[in-house]
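Chain lettering (A, B, C, D, E, F, G and H) follows the sequence in which the chains are written, and residue indices restart at 1 in each chain.
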Amino acid sequence: MFDYLKYIREWNFPHIWCSGCGDGIVLKALIRAMDKLKVSRDEAVMVSGIGCSSRTPGYIDINTLHTTHGRALAFATGVKHAKPELKVIVVTGDGDCTAIGGNHFIHAARRNIDMTVLLYNNYIYGMTGGQCSPTTPKGYKASTAQYGNIEPPFNTSGLAIAAGASFVARTDVYHVQQCEKMISLALQRKGFSLVEILTPCPTAFGRRNRMSDPVVMMEWLRDNAVSGRKWENLSAQEREGKIQTGVLIDVEKPEFTAEYGKLMEKVGVQK
Amino acid sequence: MFDYLKYIREWNFPHIWCSGCGDGIVLKALIRAMDKLKVSRDEAVMVSGIGCSSRTPGYIDINTLHTTHGRALAFATGVKHAKPELKVIVVTGDGDCTAIGGNHFIHAARRNIDMTVLLYNNYIYGMTGGQCSPTTPKGYKASTAQYGNIEPPFNTSGLAIAAGASFVARTDVYHVQQCEKMISLALQRKGFSLVEILTPCPTAFGRRNRMSDPVVMMEWLRDNAVSGRKWENLSAQEREGKIQTGVLIDVEKPEFTAEYGKLMEKVGVQK
Amino acid sequence: MEKSESSTTLMMQGNQACAVGALAAGCRFFAGYPITPSSEIAEYLSVQLPRRGGKFIQMEDEIAAMGATIGASLTGLKAMTATSGPGFSLKQENIGYACMTEVPCVIVNVMRGGPSTGMPTLPAQMDVQQARWGTHGDHEIIVLTASSAQDTYEQTIRAFNLSERYMTPVILLLDEIVGHSTEKVVLPRQSEIEIVNRKQPEMPPQDYLPYKTGPDLIPVLANLGSGYRYNVTGLCHDETGFPTNDTRNNEALIRRLVEKIKAHRDDIVRYRERKLDDAEIVIFAYGSVARSAKSAVVKCREKGIRAGLFEPSVIWPFPVKEVFALSGKVKAFLVPEMNLGQLAREVRGAVEFKVPVHQLNRVDGNPITPLEIVNKVEEVI
Amino acid sequence: MEKSESSTTLMMQGNQACAVGALAAGCRFFAGYPITPSSEIAEYLSVQLPRRGGKFIQMEDEIAAMGATIGASLTGLKAMTATSGPGFSLKQENIGYACMTEVPCVIVNVMRGGPSTGMPTLPAQMDVQQARWGTHGDHEIIVLTASSAQDTYEQTIRAFNLSERYMTPVILLLDEIVGHSTEKVVLPRQSEIEIVNRKQPEMPPQDYLPYKTGPDLIPVLANLGSGYRYNVTGLCHDETGFPTNDTRNNEALIRRLVEKIKAHRDDIVRYRERKLDDAEIVIFAYGSVARSAKSAVVKCREKGIRAGLFEPSVIWPFPVKEVFALSGKVKAFLVPEMNLGQLAREVRGAVEFKVPVHQLNRVDGNPITPLEIVNKVEEVI
Amino acid sequence: MTEEQSASKEPAVIRVKPEWCKGCRICVVFCPRDVLEMENGKVIVVRPDDCIKCNLCELRCPDFAITVE
Amino acid sequence: MTEEQSASKEPAVIRVKPEWCKGCRICVVFCPRDVLEMENGKVIVVRPDDCIKCNLCELRCPDFAITVE
Amino acid sequence: MDRYEIRLSGSGGQGLILAGKILAEAAAIYDGLNAVQTQSYGPEARGGASKAEVVISDGDIDYPKAVELDLLLSLTQESCNKYSGDLKEGSILIVDSEAVKDLPQGDYRIYSLPISEIALHKVGKAVVTNIVALGILTTICGVISAEAVRKAILARVPKGTEELNMRAFNEGCQRAAELLSG
Amino acid sequence: MDRYEIRLSGSGGQGLILAGKILAEAAAIYDGLNAVQTQSYGPEARGGASKAEVVISDGDIDYPKAVELDLLLSLTQESCNKYSGDLKEGSILIVDSEAVKDLPQGDYRIYSLPISEIALHKVGKAVVTNIVALGILTTICGVISAEAVRKAILARVPKGTEELNMRAFNEGCQRAAELLSG
């Protein structure tokens, strides 16, 4: 048994997430990963935007910053640049990160600034009641796409890679050990590390798409999220409708705050 | 001799661009391409943001819309969605499109909404006097990077591809016939078609980077922009410092306004 | 449903009434970004617009939604967007663009508690001054409000009409209570609804100057693609629509943008009154608070206090003249608001400090009850 | 350069004086996005900050710049951003966040002509009401202004001090003329400059409540990473910093945010006066217009007109009391502004319509000259 | 990664915090040994002896409501 | 694409619009036949007979200031 | 009838908002009265609301929220505890007897019936708990006609479920009638 | 000296902003006067400005812009046409004789010298046209000491170009002196 209590803000529990919402599963995976890596709670800063997932800061007992919708990465950039010794963890939703926050997302990735971004992809705007997000798959229903969504979704992880991220992984809350492992790897990387986590929103996504039972959504993840070797052995046809998980990129690139540190050395800091 | 006069707003000439600025070269290439394709001037709408390049609408005699900094694609999306029979051409700078406008850029590409985007990449904020842009190469100087830029630049075309664009080409104003050809291809595609055009800004970029002579910047393009077959024959080492031009992606994907048209058919438009 | 040729009575939420009103006014374009408590407007239109040949799009953020709305309007479609405080803040730059370029469109802000994320699900009236001053640069703007679903339906139509007539963005400020209360709305026959459509140029294209105006100070902007090729810019521009550095021209432009609304204020300003004739105290209230104030007037009268209600449906331009006219007749004003006195300051200015203007303010996300107003009236009278 | 231990006289542009003042005040973080006419502030700091162990970053847009500024400030660095009208509009949502979460920071807006892109290179004072009301939701904010390079240097330092003392964003409004005029600035010795640094908690972490305040209504926010783990949110929150739906708490929070500034207005409000003692007409002017007004006062006196100057260096909270105090003594006010009367309306309110308040307005991007002011004084006196 | 992990010899102690359990059934359905069931919208432990301490119920519970020792 | 394109037999008519020419020298430097030169900051045609009508000067002039017929 | 205030309370997902809307529609559209229905939302409008209110009157309804309840329906103990204090003198409290064991004390009549039980076992589906409740409420309060509520239900419920819902409503009416006459 | 207004005008890239800054610095820092230098910008601040102004005074300078010029330097015909109207009575107009052929008429003294010519052929570099102009201007207007201007030049110009710039300034001074004495 893992003792979550020392990491959480017990007084805020039970949390606001719906029954069967995957957000709590991610939070627990994060806590375990931080614990194993012995991340100092005083030096860890969680920054989130607005959304169900972005309520995570209320529940974890580290430094926490719940900012404006879509802007978590901008605030986090300020925090990290100002005090590089802090461990910055960004928690964001698919809407927060890839809709309104899309610009900060690609720029933080481009700069390769050291932070771990947990993108809770539940394919929907959960908090506001189920509108389309840029990750809602085509044909799926949402409160603003009641005839079925006509827009193609982002490949969010692919976008982060194209923008310059040095570590990108995709995982899901059914495969909860993999989820923890990906978070753990991301926390260990120096640079912009993204973990896209597929997670069920039975209330706002499931309900409109014949998956209002959280169990069904978990089964869907079990059956469709395919990692590593398995994925490679699938034919193009077999991949159809399936989602690749695991580490998608892991390269070394100059990191922003380190580069700035070099600049300061170069110009010579005067007292 | 091509008769530009019938396409331009002669009364606004000479234009505001500096001596040796490439923006005028692109405008001319666009005019020739439009002429050859017989694009109706009454049905063509040019939408731009703010920047030197974004002043183009003042000079071409079609419907023109000079909007706010970074938002050209958002306005253009409204125009195209509202009236799909219009031919929408977006003119934008590297700052306008990939800094403040980055979010609209990736979303317009994702939606694959039918428009041709001419991204004038001069590696700098020209209009405001030479600050860094997200495409300024590392180490180069700018008024906000006087010790040399420490941030890595975007591969803008690559980003558009990852976001979902169906046609992406890169070209430059030295290779002016290729430039015209890429624009022409883009104009013919149905979907989000991007032409990234490398163009010299002797005033704001060249001046700080030993290329204040426009001729030197043109030579740089001549020597470093490598297209098609030639690029493929270069070794990884030879590619260092060189830039690939030509068509980078050209695929068919469902286009947004067409998909919306299908939706209207499906639900049945009532009078 | 408002298409059927007899009036209909339906139950609807204020937000839905707004959407239905927009359709009745001829709105055929909506670009939005979800936010509580306005999202139902988008949701309803996402279903209805495609059925009417109209265009719906959920944009990537509020800035984009505002931009797309303006772009669509320039093609000639009546266009709208809806949001709440945080999104309203984000739209401000492009609202200024619409003012400057004189592009008609309607912006709905269903107000919730602020500042910042504040109280996302609770009502407030805290964006009233922001609606006037939120964008940079001198400008003038038309801002409407509504107090019930029926009123929302009607004011939404009026918002479009004013926007088309004066070629300017019009803001409709609702509050969460109005937006989320479900009540009866009587929809008139479509043929009975007054609809204003923007003018289109009549001269040949070569003679057309988009920003040349007559004595009404209102320009005629041709729909994109209609054969009149012109230029639109947020820079100061002259009659041709092209940027200019001529300072005399720029002064004239900015003053015209302001005057175009001020000069027509009598046509724009509207208010409802109740028992003002013999009132000794005027309750100045708008939005859902006006509902409580109505009850309060009745209750005050029962108690022998001669209270009256002034309910502006147009907040900006502020009904200075109408409020001032009352100042000679009454002993005091009471301005109950779900903010800290944002319009009380205007009432005070309007009456030129000649009579006391009392305030009753709540900023906790709770509505102001009729009883609270009555108590306050008794206290100050 | 302000580090050397004797006062120095240098020629600098107002924008540079702002940057130099920021460094003197202890600013060690700047996040910005270029825009005319403010860019020189960023450019100067991009050179200087790395030399002082400070952090500079050019963000992808103004929204991000504002967010990064707040994030950096929470770590304990004094942080600033600078922009002009269009960018100021974009920052509004996050400015509201800083108000709500009580994070000190300085936002400089070097004003140019608007609305929209307007007149990018020409001066204006059109964002004065926006600075007060630009963000959604009820709040109160401190806004300073300056009229010369020297004044800019000093007001920038004061902006940081007020921000740190009252735990609130402070806005500094300059205009293009002030920002772009190069003139002499006397830099005092660093040791002579009054510097305020935000408080840090003294109790053990387990007793720490970030938003619990004493009678001064000002919270003490621990620097991130200093061992006090707490939560910051733009939602209405209680003393612990966690969101709450308790309406009584929310009312108290919003009122405290406002009262924290109102209660200390005497400490905050500052103005300069010239020849007010016997003035029959008061010229109320700020920014570059105050310079013309100074000349105008001299010229009026030469003509035998007893003119005086009231130059607020704090615009918000508005110096109501101080202006009101004059209303008994003088015959009239004249408010020359490079806008259409944005502070004239405040002066009118402050004097409660007891004396006439005349306006002299320019919105063409040209400065108001001393002669124009003198002429207007002669006209109205 | 296999779902069924090494079980130790000690009998499992499965603790449920009913105040926090929201009854999503995730633990119940994905328990490889059918140890758990629902009752009145909350989880209950019905066959503790079958538990192999794979810990999956704990790992997957979104509500911090079930632990296995 | 080759820079030097088929030239027709007719002698070239090269027109310069000095009011629009900003003297960037692009046409001069990249003319394959050295037909053009600068004078007082504006381009002038000095060797029209050498012109092969490749049109590159026209294509590359940013200022709509030179045409070849 | 000057003003009649009803609050339907319970936990999210019990369909109380729909019940409120049906009630309001019945009163306003089919009974020719005025009615306003309001509800309260979760954090940012996400989950189902836990409370819906309907104010009914034959005159204009200015203030749209309930202040002094004429009728409170509580399907959970928590909501009963929270709201029973708002009941005015001589008002009505209807509770689900399975969920609300701890009955409050006050100057109001309490009607305790196994509402969800009836839905599940008599009608056969837990989802119609709200409609059963509507039948009970309609019968007990007497302000809205059962006919109007039936019409409103038919207009609002998904196609194909009309019969089920009618049975649920009728069952509710009947059980309430028995209780009243009993 | 109450207020002395100088405007330097020409086309972008002629270094007039720098000249203005040097002039202002000379007056304010080295001559102990007050000075304000302002300039006007292109579309959004991009290109070089076409005009720089310096107001000098031994008292406070309130209004920072030039209204009635004491001295106008014009390096182009266009700028001369545009600004000569702002010259006040008895003021000074200095023009580049190569560029300004069409001299305006007015109550001011005109000094016409081949300024860019001097820079290019006498000093050897066109880029120092602005510094040559400064020498001429300093000598003719007499308000600022040549010594102060020299110091200000040395403080502002890039390292390694000091000698060149001094030559340019001195050449300007000399040519102006010749003109004055001639």
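By our rule, a contact is a pair of C-beta atoms (placed from the backbone, for glycine too) under 8 Å apart; a residue touches a chain by one contact, two chains touch by 3 or more.
Small disclaimer: the values here were computed from a predicted structure and weren't measured.
Common neighbours of subunit A and subunit E, by the contact definition above: there are none. The minimal number of chain-to-chain contact steps leading from subunit B to subunit E is 2.
Inter-chain centre distance (subunit A to subunit C, centres taken as mean C-alpha positions): 39 Å. For the pair subunit C and subunit H, the distance between mean C-alpha positions equals 55 Å.
Between subunit A and subunit B the centroid-to-centroid distance comes to 32 Å (mean Cα coordinates, whole Å). In subunit C, 36, 39, 50, 60-61, 63, 86, 93, 97, 116-117, 120, 233-235 are the positions where the chain touches two or more neighbouring chains simultaneously. For subunit H, the set of residues that touch two or more other chains comprises 42-45.
The set of subunit B residues that touch two or more partner chains comprises 18, 50, 68, 99-100, 102-103, 107, 128-129, 134, 147, 260, 263, 267. Of all residues in subunit C, those touching subunit G in their complex are 9-11, 36-37, 39, 120-121, 177, 180-184, 288, 291-292, 294-295, 367, 369-371.
Across the complex, subunit B is touched by residues 3, 28-29, 31, 50-53, 55, 57, 59-61, 63-77, 79, 93-94, 97, 224-227, 229-235, 242-243 of subunit C.
Residues 20-21, 24-25, 28-29, 34-45, 60-65, 67 of subunit G are the ones touching subunit C in the complex.
Residues 9, 12, 41-43, 45, 47, 50, 57-58, 61-68, 71, 73-79, 81-83, 85-86, 103-104, 107, 260, 263-264, 267-270 of subunit B touch subunit C in their complex. Listed in rising order, the residues of subunit F touching subunit B in the complex are 1, 15, 19-20, 22-26, 29-30, 56, 58-64, 67-69.
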